[in-house]
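Presented sequentially are two complexes of chain A, the first with chain B as partner and the second with chain C.
Here is the complex of A and B:
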């Protein structure tokens, strides 16, 4: 694993604690469309690429594709063998993961990466199995491992990873470069990205200004953060009695951090360096609230929103390292026709809904039964040596 | 009178054998499915635990098949299970299900009351008949546990997880169909070797995970989302801390004789949970310590949402994990749990164990080299 020189200059990506904080801020300020314009690739990626990562240069380099299909967003990255991210795409999943994956691949191709040599592909996130079948993945990994691997790449001595995504939040405890403990939210989704989105929309504040607004507050209002529903009614109450919006927003960030620390991080020993990643890490108000609650500096790495995909790309590199072979189907997957069908199995009263994934009318994979009756393991595809687009 | 009882893993096989030997008309509830769960969830209080809801569903489905009498276990101590029979009875009556509930409390309660109920159930049968039937059921308990143990061993070594599942289904059917003690023994031997025959890969040193926690979620695969099969498919050799026969041996037989069968477990739990906290809370702590001492890579605690004894244990386990350097994962299950979420946590846990182990090996090599 490459530990340094991970990112091209100009993206503000430097390793080390002091460099990361301002870079993360500038990263956030520079690319607000990351969260605001779902479905669009960041326009300034092209700028960045034109400086350091011309697709043309990379044509001869081996690249690794990482795909993270989450509940809310679908992220793709292309990483070279030295760990440099050469392209990244952030899209909203919108309940249509296959389309989101294809759109992501199409956007990478449109940037000129389609004749790059992809030496490995990895998928992660709740849609990892589907994504793995669609793109032809060499490794399909859970998001906890993927996030830990990516955090270790960015900050090799990291000891705590806080990750808050669209619908789940997790804490990963790392000691001496190895994950020793983790937890995910189980029965409560308060404090995740979806809830923040909703509150921002309700207050009519663009989500990307939400965090900055919290920083303007000098006296946060205490909001009940145990449950998203109660937090919302408490916020409305505080609004109605006349507290300024920024104080409420900051109070909300603090409440969510409290909730996270009491529920997800309960009983875990949080030691610095602390890395904060996932979509919510872009929220400077949340970052500040974590720093105040923990009393330590919290780092938001560059590419904080696509860390899962970066982890998947790193794992793809590890998985293909020994053989030099990949199952990646190539960039044409963007234009292949995928269909899904489902039916209810009538074998027992479980009534499992079986899903079939078809590529150009041919059955690719089938799953969804509790008993394994219908499951077909994706057929071993003929492995091509050094497949490229 | 048509008798039914709740499901818990393969409990139905020995229990139905026992009741049939006693000449009772038995209605085994259909296997737990999503329908069972929806029936239970619809009519049970929301914050009652998962087992109550599933059992209520069992009773309702058994009623549809003609059952009119329920044999239900009771309990003593802080676990809410102690009054579940009464709660379920009330719910069923409110719904107009005309079912009689016979509650068998463990012998710690009142001997006389227990005997009166058993007498009522077995009617004219003699004590000797009862004793014989119990012995026959006991053989089945032992046989089923042996098959389940063989499955835990075979799963990580099998070519496909489905093979083992099918073999277990077949072996369990043999045990169910056995009519005499000799046939049960035969079914056990053949069943175990059938299951073990699917271990086609040799593993030198597989990851080992112990499973602890609340008894119902430990024993009922529907309630724990087929935890053992999932781990087996990930290449892990599982050791379950509690099997039906162990539990009966330790709690029903030995406790009744005022001998504690789980001395070692209680001893191990002593520094962390010095006294009974209800249910299997203390056992969970003690067993985790024992797994750590036996060199297991990790322990998974499984419990239903809102289970008080296991919540006590959960808050103690981080200390055990810290003191012994063993990884512990807690899984809380109820009708809102999702298969995908459990799968993700298990995969991550297994990754964690693999990386920990390779690091340990690496460190040992480094130490050896430094020592030279």
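Here is the complex of A and C:
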């Protein structure tokens, strides 16, 4: 497939990637199908030989774990100290973030990474607090900072980051290596991954082929992209009138890009290099639509789908750099029993819903109140081992 | 005689004035409690659909006070200075309330100073007469109320929180200590209507959160009226919404102070703010490149989304400042 050729030769990244994904899960995995300039965006250099990314050798190296728990997908990466991704996992959250995190850790462990020395762990995404408590994170960061950090690592001179995930989309403006502006979608999730998934399912096209289908079209139809509900009825109308599916699909991609540029990116100065990341970045139709609308080349970095996790891993490296200690609980978290309970606080009419996270029956963390009455700060975890030892 | 004041909208602008005035007239002032989810839910149920969040919150507070008061004080504030208006929703507030719920007797003077500042005194006399107070008592009460209001604004300007400024202005809790000096050399302005940023529920404790992060926080109340007036005078066209003018003027004044970032806090569906936000962004970009972000809340807004944006904004401001230092 295209993806094999997409990686720069000799990076060895594929060894980690392919080996990691059991066949039962392979359909969860979305990969970039086409890349603009692989050599220019991938940090790996030729000296790194593929054996570096085999678990056996990695036992000697310090690795950093990044976990990004989003509304739709949960991603984990293991990165070494030089910024090379040695393993990555892309799973669907399916509304059960704890199970998804544990499954991800289990997949990493199943590949022999459980012997590796994890010197730091970071979490991000909307489930970052939960993930932080479960894996024992050294840093818990918002997804905007994590995505910016990862983009800067992959493309050091990046000036614009377009990120479209499962249920949110953001734009990050970077100048001279510093984030100077950002925006996230507000109330509307039109144009995010969930909507594309749904439309692909409705048209009976596998989401992986959605983008390629869009590229086949020569005359896209115009679809109202301002609102997901209107876009859908517009699509149905166009389809009933008889337009070919590929024209509708490409029209949809263009509509979503238009919506993104008018909404999220409104008033922002989009300068190249432009990096497009997040789950939707795998959709070549969206990439092409962005390039046409912006008139500049749009780069989709390798690991575009797991950039948040990469950012979390980089931040974990920064956070543990000074102390050399990590709170990471180790790969056994995959087999520990976590329970959650919730109750409604009756102390005031706010009626906050309090969530308790328990590990093997013991209270690990509790949050959810506005006033902070029930919050327990996750206790300082016993340091598992010296990162240097 | 018990006068109920709903804790919403202009409460956050004039409460010490009203409280002092009514108490000087020997009335008892009852304020609804801080906004809770229950109050918000009540407001959402009773208010018209199209109303903005703060109006819905106001409905909830009015319903909360219900029949435990003799009068409900809901002034019709049309204009508080010559040639300018307030938000159109303030103009119709007493009617909107009356149309959708059973209320105690409304104490609803019309304040319209668009042509003439002295109209305010007519409104004051009208209220006092309704409460049965004579002219001398009224005059004395009004002078004291205005003094309390000035103190209140001064305490806000010095950086006291809203609750502290209220109690200081009214002569309670005089022992309150000044805010501890911020731990970080970072100043962020939180600009928005007082009824959004000072409200316990709607404001998401944004100001306190930033302070606990060690950030020095400015609000629109941190600037003197003269400072704000001087800034908006330079605009190509006079702005005729008083409260929006304060927000925009404060944003422009931030450009002269050492402010590292500006957060504008608006409610979804606010007509005037949709324009002001645009103006602020343009002027901020044109004059100096200060990071700016717009946070929009409505009744469906979860804390998580707001906190993510605030956290990312602080990261950005701090990293940018560290880089340029």
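Observations on the structure shown:
The criterion applied here is as follows: the second predicted complex is superposed on the first by the 332 of 389 C-alpha atoms of A that agree within 3 Å, B and C clash if a C-alpha of one lies under 4 Å from a C-alpha of the other, contacts with A are read in each partner's own complex, and residues count from 1 in each chain.
Here is the rule we use: a residue touches a chain if its C-beta (ideal position, glycine included) is under 8 Å from a C-beta of that chain, and two chains touch if they have at least 3 such contacts.
All values derive from a computational prediction rather than experimental measurement.
After superposition on chain A, the partners chain B and chain C are seen to clash.
In the superposition on chain A, contact of A:356 is made with neither chain B nor chain C. Contacts of A:345 after superposition: neither chain B nor chain C is touched. Once the two complexes are overlaid on the shared chain, A:227 sits clear of chain B and of chain C alike.
Contacts of A:212 after superposition on the shared chain: neither chain B nor chain C is touched.
Contacts of A:270 after superposition: neither chain B nor chain C is touched.
Touched by chain B in one complex and by chain C in the other are residues 126, 141-145, 176-182, 184, 186-187, 267, 348-351, 370 of chain A. Across the complex, chain A is touched by residues 30-31, 33-36, 161-162, 165, 226, 305, 315, 318, 321, 327, 332, 336, 339-341, 343-345, 347-349, 351-352, 355-356, 359 of chain B.
Contacts from chain C toward chain A in the complex involve residues 36-39, 201, 205, 268, 281, 289, 291-293, 296, 298, 300, 303-305, 308-309, 311-313, 315-316, 319-320, 323. By the touch criterion given at the top, residues 126, 141-145, 176-182, 184, 186-187, 267, 348-351, 370-372 of chain A touch chain B in their complex. Listing the residues of chain A that touch chain C in their complex gives 126, 141-145, 176-184, 186-187, 267, 348-351, 370.
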